[in-house]
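Report on the following structure.
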Amino acid sequence: MAQRIVRVTCPDRPGLVGTITTAFADRGMNILQLDQFTDADALPQTGAPVHGTSGGSFFFRAVVDSPADRTPDDDAADAEFHRLRERLTNSVDDSIVEVQPYPSKLRVVVLASKTDHCVVEMIRRAQTDQLSGEVVKVVANHDVHGPLCDFYGIEHVVVPNADLTKEEHEAAVLEAIGTDVDVVVLARYMRILSDDFLQKAPCPIINIHHSFLPSFIGANPYQRAHDRGVKMIGATAHYVTADLDEGPIIEQDVVRVDHRHTKDELVKSGADVERNVLYRAVKAHCEGRIFLDGDRTVVFG
Amino acid sequence: MAQRIVRVTCPDRPGLVGTITTAFADRGMNILQLDQFTDADALPQTGAPVHGTSGGSFFFRAVVDSPADRTPDDDAADAEFHRLRERLTNSVDDSIVEVQPYPSKLRVVVLASKTDHCVVEMIRRAQTDQLSGEVVKVVANHDVHGPLCDFYGIEHVVVPNADLTKEEHEAAVLEAIGTDVDVVVLARYMRILSDDFLQKAPCPIINIHHSFLPSFIGANPYQRAHDRGVKMIGATAHYVTADLDEGPIIEQDVVRVDHRHTKDELVKSGADVERNVLYRAVKAHCEGRIFLDGDRTVVFG
Amino acid sequence: MAQRIVRVTCPDRPGLVGTITTAFADRGMNILQLDQFTDADALPQTGAPVHGTSGGSFFFRAVVDSPADRTPDDDAADAEFHRLRERLTNSVDDSIVEVQPYPSKLRVVVLASKTDHCVVEMIRRAQTDQLSGEVVKVVANHDVHGPLCDFYGIEHVVVPNADLTKEEHEAAVLEAIGTDVDVVVLARYMRILSDDFLQKAPCPIINIHHSFLPSFIGANPYQRAHDRGVKMIGATAHYVTADLDEGPIIEQDVVRVDHRHTKDELVKSGADVERNVLYRAVKAHCEGRIFLDGDRTVVFG
Amino acid sequence: MAQRIVRVTCPDRPGLVGTITTAFADRGMNILQLDQFTDADALPQTGAPVHGTSGGSFFFRAVVDSPADRTPDDDAADAEFHRLRERLTNSVDDSIVEVQPYPSKLRVVVLASKTDHCVVEMIRRAQTDQLSGEVVKVVANHDVHGPLCDFYGIEHVVVPNADLTKEEHEAAVLEAIGTDVDVVVLARYMRILSDDFLQKAPCPIINIHHSFLPSFIGANPYQRAHDRGVKMIGATAHYVTADLDEGPIIEQDVVRVDHRHTKDELVKSGADVERNVLYRAVKAHCEGRIFLDGDRTVVFG
């Protein structure tokens, strides 16, 4: 039985869910999961919404199966969902319609520096079928993750930054990432990516920042958290944009600390939050649960 | 603009969401929120599901508005939603369709003994528009909540149990509750209700049990939690059924404790969890978010 | 049996705990609780610590009882603890020694604007013996808390700010607070206090800020949290200093939110965190658990 | 500079902390951390406590350094702490005094069946210096952890249970564990250990149970949690005793679940809680933070 995730984004108007789900029903497709959200904050603020064109933003995600007896092979199912996508795109104005297989298996490339706790997390979650994605490659500045990658049978590329300009290094990293990739994960990657890199990147990039943003934007967040005497530290996973640490937030979490924690102990406690937050963000991305809504995200649970 | 919560429960089959939401669209109704769940565990376990009759359980909740220009008054909207309800009931076999106003304002009667933290929670949440319900009456075994009820302008009935048989007392309590009520809340009410009472009760009853069920079923849970040396204590809100502490669980939460907590301190820490869990359960009930699924509940977030 | 909280702060050096606890033992006093912390981060950073004078900061708190048979009355116990305090002050160089009754019952004055959830929290916690303090007075800018204060039998003073300069208003507020007070609590008090006010204040002041500091310092934190799309909102209780929102942090907590929360819903969710965080901070202060350590706090659990 | 953890347990009486810490001070030892707890619940319940012999239980843990200039080598420090231990044992009646190096490095043997998430957690935490212990060996029923152990350079012994009686298998497991071990960790080890095994075991044994005890004692807790419709699932780390799942609880935690979780998803969500709870329990044990207090534990934070 072939199942798919179907995502629709468009301006809000009455009847959208009916239009979309009837398109499913007409093909005998059954809805297994459905999430829908209308961002009321995006509605025109003055006067009543004009009937029929609310102007808000509409986000829709469903997991759908096509009938087993009509899709004996994946090609038939592909064709079926291709026609569904066309019909939806035509019948819903200004819509973006996306279809991906369910369960998901996105291709993930991990960018790393020396620290390995987030790298291990990505690999372990993928190996135990919890990521809805597969780590196809680890690209690192330093030659420290080789044995780990070998153990788990994952391709490993080292792109040292010594003797290279930033431009040259970024070009080499892009080359190493390649194009057969759905999402790049910065697993405590310590170099800032240029606008040029971001424009050339073949897919979205998710970063884990080691603070509860917007607290402690920039460098050395744990030292600054310690100096400030905060009682909780956190981590933030976000899409990478040209504005450093300002990209749309996907997921955050915190852990309680107290006066006994030295800065080094904050770093160790923080590592657990970082890897958990990054895992949940990448998993949500792989499962098609995240929609961009301006500078914010809609993340279906 | 008249808005309603529409709830549909039925056996699962393909096309349900399309059927329901098209019925909305045909009336120009817009979907503001939509939650849907199919209990796959209820599917037949042997062989593939028969096409068209999956046999599982389907739960649907939507918040819908009818167009403002067509419903200048509540009566017109009532009629519109009445017709919607009829159409859905007819077009979906074996379905239960329920319609209630949105935002909700259910009528809540609180049953109390001496303890008042849950009583105060219910009243305060209602007064600050956070309960989606209104506390219309407090019925108590003991004459201790009078001043509080007077302060908040809430009717207060004392039904002492001295000199009454259990039957007589329950009859008096039922009389005090009356029939103009949507949900009864046991706010740390310390008497066990008989099957007879439950059958005569005019509406569902929600209880807060002061343990993390199924741990410490029955009496003195905090003492037993202390003796057992648990590191967390909790509370459980559930619908009341004839089986003591066995009704469908609505909500649970815990709080961390340690060796320094005496039994009395467990009671105080527990009181905070109790009132929060009870509040969230009653609010979810008032907002039509809870469905019974056998001995379990589906609670839409 | 007379019990006391004994607090000692001084530069760290070997033997401090022995010196202090032997002073207890010599008087037949028994230690019921003991917390001790040395701030290693305050140690000299260059070279090894000089033997015998580590230079770090030492914080000590104990709950002690004096023998029941030797203290039939409070006066005798007072005298006993007075002598203990003198001995400790003399035998520990550069020390600050503080003694307060246990269980604590500090005198709390609440400063309020219109919002009442933190005011109610303070009063209810005090009335149910959970604050280790007593709310002796509510001083407010607006005449809205009268009925509540009357109901709980608490003195209530209104100091409107209309027709008054900031100086005049602050003078009137200080007058209303009086001097028979141990701690002032800003329960969502919306006016910024001048340096002059802080210098004249008769006791420490605790504020609740409605964000997870240092995120969203200043005005409208919930709006800004919404615009930024954070996935958790929080609250921070801190001592008030001349630097707005920069005083030593006492306690923080967060609550999970998502894309469905409007700004108004963030405000409601935030209110629960605010009152809980403020309650825990004031309770810790009343119980003598908080020590200032530069710009940070040591809070014993 | 040689540092040690010093633990003292004895019946409570006045002056204990003074006696102990003076013994430190007399040797120029400085206290870096100190935790102390008296179990008031263990006090005689009838009549006032007899002066000088309260009868309660007293638990004390300190991290102490001996002066660097007097302990140029470990042997000297060992001798110093040996004399301290003798003095304390002699001067405190009925006391148990234990001394272990600080930072701790206990020798941990892991017992495993097929599941590996807890095995990996133990190894990774140890390798990154977060366990205060070292995993010296993995003993397993099934030959599945070999590559992992080889990768991390850890000795690995397989003791299959086919063709062996329970007695024979347990004897082989005991043989494999050996005697050079401080704590045995059951990392989701699925066989019940006999009383005979427990009596012969060379050290304490910590188990992770996959439910929030005392809920769902025994087999298949996730299935039963699913059937019961609980809204949180948990895990419990405890010392193993002859009473199955009844040993003293060390640590517990929970994770929120809802109606969408199938039994298999509960298992996956639960795995994260299990490994975290087990990690915290073993770390606390290695650091000498746990004391047995009858059927309960005192765990210093």
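For this structure, a couple of remarks:
When the chains are written out, they are named A, B, C and D in that same order, and each has its own residue count from 1.
Criterion: a residue touches a chain if its C-beta (ideal position, glycine included) is under 8 Å from a C-beta of that chain, and two chains touch if they have at least 3 such contacts.
Just so we're clear, the structure is a prediction, and the values are computed from it rather than from any experiment.
Comparing the centres of all chains, each the average of its CA atoms, the largest separation from chain D belongs to B. Counting C-beta pairs in contact, the pair that comes out ahead of the other among B-C and A-C is A-C.
We define each chain's centre as the mean of its Cα atoms; on that basis chain A and chain C are separated by 42 Å. Averaged C-alpha coordinates give centres for chain C and chain D that are 36 Å from one another.
Listed for chain B are residues 40, 301, each touching two or more other chains. Chain D contributes residues 117, 120, 124, 128, 130, 147, 151, 268 to its touches with chain A in the complex. Partner chain C is touched in their complex by these residues of chain A: 37, 39-41, 212-216, 226-232, 234, 248-254, 258-260, 262-263, 293, 295-299, 301. The residues of chain C lying in touch with chain D in their complex are 13-19, 21-26, 28-34, 36, 38, 48, 51, 54, 67-69, 301.
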